[in-house]
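Structures incoming, each one as structure tokens.
Here come two complexes built around subunit A, the first alongside subunit B, the second alongside subunit C.
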Partner chain A sequence: MHKNTRNVIIHYNNLQILAISSRKLSIVPSLYDGEQDPGPKFFCSGVQALLKRLTRPDFAKVFRKRTNSNLPFLKTPKYKFLTNEELDAEISKANKTAAWLLQMPPVVKVHDPINEVFSKDPALVGYDSSKYVFTDITFGVPNEQRLIVERDPDGTLQSCDHDTRKRLNQGRKVKEPTMFSDEEKFHGLLEEEKYEFILDRACIQYEPNEPTYQKVTSITYQHVDLKTNFNMLRSTRHFGPMAFYLTWHQSMDNLMLELLQTGFVRETVLLMGLRQAIHEDIAFADELNELVPQILPTPVQLKKSENLSEEDINLDNKCIDCVVKYITKNSAMKSQQELALQGFREEYQQLVELSRGLRKAHGNV
Partner chain B sequence: MPLPPASGTGKYFARAAKSIRLIRQGCTNRPFFHISVTHRRRLNSQPVIEQLGSYDPMPNFNNEKLVALNLERIKYWLGQGAHVTTPVAELLGLAGFFPIHPRCYMTAWRNRRTERENLEKQKAADAAKAS
Partner chain C sequence: MSHPANFRSLLHRIALSDIKAVSRYYCNKNDENIDEEQKRTVDPSKDRTKIIPVETSIRYLESKAYGETYGNNPVWKLYRRNHKGGIPPRKTRKSCVRGGIITTGNPCPICRDEYLVLDHRNTKLLQQFISEYTGQILEPFNTGLCQKKQKELLIAIERAWDQGYLTYDIPFRHYDYSLYIKSSN
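Let's turn to the complex of A and B:
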């Protein structure tokens, strides 16, 4: 089963690249509608921890002011004097709020189409030219489980499909934005790289198990992958599902390359850990499983630090070893990644020398 | 005088005869029915016991006639011995809750017969015009 999907996906990747070079953007959307359900893998705590760490939350971006908050006026920032304990309390509150803001939209399988027929009565043909739709308005029943049936003009009594159910449950308050129905507008938005806007709107409009939502998100993720604009989605709640999508479809090598080029080795190891958790096809899995719990407690690195302690250097060296193994065995973009790793090694060597020199100068050897 | 609540007062006489019927609300040339349980001898303008649903006889933009039925409460009032009028019985039959009412079969048969006769008349008229 794994081998089959990999062959299929590799072929699909080639097809995609050919299509891009020949004409204007034609990305093939791919939904989670196969036999394998991404739900259990996505919701397991290990994968969740990896995805949250991969988003690299930058509080400056997470807590930025947005134009659509319901405040009538902007509030001036409050400055307080705090003791150490109070400061820790405030920081933990901020972490909780950040975790709430960065909740990832769930990744689930596409819902099955409903086609349950209760009865066929051809003797009722001609009774009426319009459909009758019956909704059960019993109190306390959640919307998803409501009985909604329809009687067609040809006499068939059947359960309503998902679109009709959604329309009857929510009413006509929310009209589908044209950007989702019109291909040109959608591609125009993708060209302008307004990924967060598209993904936020898709989350509002659709449920995560609807085929339209999965199609929109998959096209967006593939576009981000193509243009390597991962930084636009970092520190948002969409990075996790995007990383999961790329890893699920075995096309995470672009992300790996970007991480190596920008010099975040630990996150490369986390990405490998994610792949191991989903596909379980990495040869050096034991070392990986040892290394990942060592990386997760370390603080999120937003920019290059100059004070690398010996533990940091050891950890980073182990990460580099893992990356080398991955490039030789599992990677699809070997030459580029090796080049990037080479560049990173030189840069890292300079950083190590700098930090050692600094410590020596400060007398902390 | 304030209008009685259309969703029902909830007050009833336990031993009186009750029925589940269509109460016409809506405006001129725009009917809209509430499916409610009331005492049998009350007028449609008098307070109902409880509203159990609605029926919109005008088809919407998708050519659907929307009917809402509070099945739990309908079952309760049927258990309390409420009668059901023919239009409501027809609707419940179409919904699959009751067996299909014989009047539905009759209306369907009669509509098909008129359709057939109209078609034949049309053909005869066309043939007469052609010749």
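Let's turn to the complex of A and C:
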């Protein structure tokens, strides 16, 4: 099952030595613990809109049947007859539910270690051999702001560190799942590409500003990037933070290549817009800032449409120009992306001819 | 021979050892008789002393023999409990296996096949006892497992969920962005 372990039995002088070598992935996790805080950039509305559009929500996947309601029976589907207005109302309700389900886990920097010392009383040394912990239990105070202090045996009164705070706030001790603490199990899960399971579980188990959470998510995102399995995370809540992570660390070129190869030029431009928003190092920023608001209102394309209107064709041509500029100036995988773009252009030309031919045949209707 | 106490204690010890030897001889003879009888009467198909490793069980679930026996059904599908009346008792029997031997007629679906081992790595077997519609573990009332095997099944499934051998749909967590925006600003 876990194919990354190899058990080798060595016979040496009648001694059997079992050597277990595990081919571990050479992925180094990187946390948001530098000087720059991703929080303000992540929560700004422009970036949020870009990330949501990049996830390309497919309602069939978003609204799939999940087994986490713990009810022992299934609910039968309801069929209704609706007028057009009622139908529009239902569609907007569905959009709101989809937005709720696709809410992105926050991307924030790792929380600072708490070092606040209130007082030092050496007179209390020898009073007791254990620490005392005092918690404020007023109702209505959010757990993060609750006052939790400890008195050490050497007399120092200081606020507790994050681990103690978490233990006290949750009440009973929640055991960390073995799949996170054991490296082999974690890598086995990554090999089997169960990314959604890992990421959902990490969201439940940890806070987004904990170092363990950041480590788990960063390893997962890098693995997805390596194997180019972006489709597994599309239409989930995790695609946004993943795109943000890759752009933050300047490694989004693989994603760009995948978008070009599958023929989503508009999303390529949105990705460039995201990079501009985070790093602000694209030369043709003005054109980009004009183009992005034109793309965002267009509907999410899941399949290749055959009926391309002239406006669509104009927009796509502008996108292609932007992509060409990006490849020449900012890209790290130039040759592959140029090849992909060439392939896309040929395919797109065929699509344009087909749609123009169709419109002509139908009499420009 | 010098001290009468020593001599007496020596005699006592010899007598005791003789008695022990005699009783051992007699007991051995009786035990041997009983063992022979039991060895003669144990049916190899009911013998559950041999522990089958998990890897063998995993290979068995992919084998032709398993396919011929169970087909595409889960292992408990064609099992029927024997009981009085129309409705079976709410609890299944406590255990099918006592002293390493199956001591019941009609043992439960896991006990009757020695190559079905409940282990957290044996995901193909464990999946058969998890409902595909609700994701919950099926009750022994429906599957027919004895209580001992049901407990083993629960332990194996919980371990598999914990270590990642089996996945399940995780409850949704909604975030309050206001907490994180304030702290970052």
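Basically, the second predicted complex is superposed on the first by the 325 of 365 C-alpha atoms of A that agree within 3 Å, B and C clash if a C-alpha of one lies under 4 Å from a C-alpha of the other, contacts with A are read in each partner's own complex, and residues count from 1 in each chain.
As a convention for this text, contacts are C-beta pairs under 8 Å (C-beta built on N, C-alpha and C of every residue); 3 or more make two chains touch, one makes a residue touch a chain.
The structure displayed is predicted, hence computed values, not measured ones.
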- Message: Between subunit B and subunit C, whom does A:P29 touch in the aligned arrangement: first, second, both, or neither?
- Response: neither
- On subunit A, which partner's contacts cover more residues, subunit B's or subunit C's? C
- Message: Looking at A:L157, would you say it contacts subunit B, subunit C, both, or neither? Reply first, second, both or neither.
- Response: first
- Item | Partner chain(s) touched by A:P211 [first = subunit B, second = subunit C, both, neither] | neither
- Task: Check whether A:G46 is in contact with subunit B, with subunit C, with both or with neither, and answer first, second, both or neither.
- Result: neither
- Message: Contacts for A:G263 in the overlay, against subunit B (first) and subunit C (second): which applies, first, second, both or neither?
- Response: neither
- Intersection of the subunit A residues that touch subunit B with those that touch subunit C: none
- Query: Which of the residues in subunit C come into contact with subunit A in the complex?
  - Reply: 58, 121, 123, 133-136, 162-165, 167-175, 177, 179-181, 183-185
- Interfacial residue positions of subunit B with respect to subunit A in the complex: 53, 59, 62-73, 91, 94-96, 100, 104-105, 107-109, 111-112, 115
- Query: For the complex, which residues does subunit A have touching subunit B?
  - Reply: 118-119, 121, 123-139, 147, 149-151, 157, 168
- Query: Which residues of subunit A touch subunit C in their complex?
  - Reply: 1, 37, 39-40, 43, 66-74, 100-101, 103, 105-106, 108-109, 142, 144, 177-179, 182, 185-186, 188-189, 194, 197-198, 200-201, 203-204, 208-209
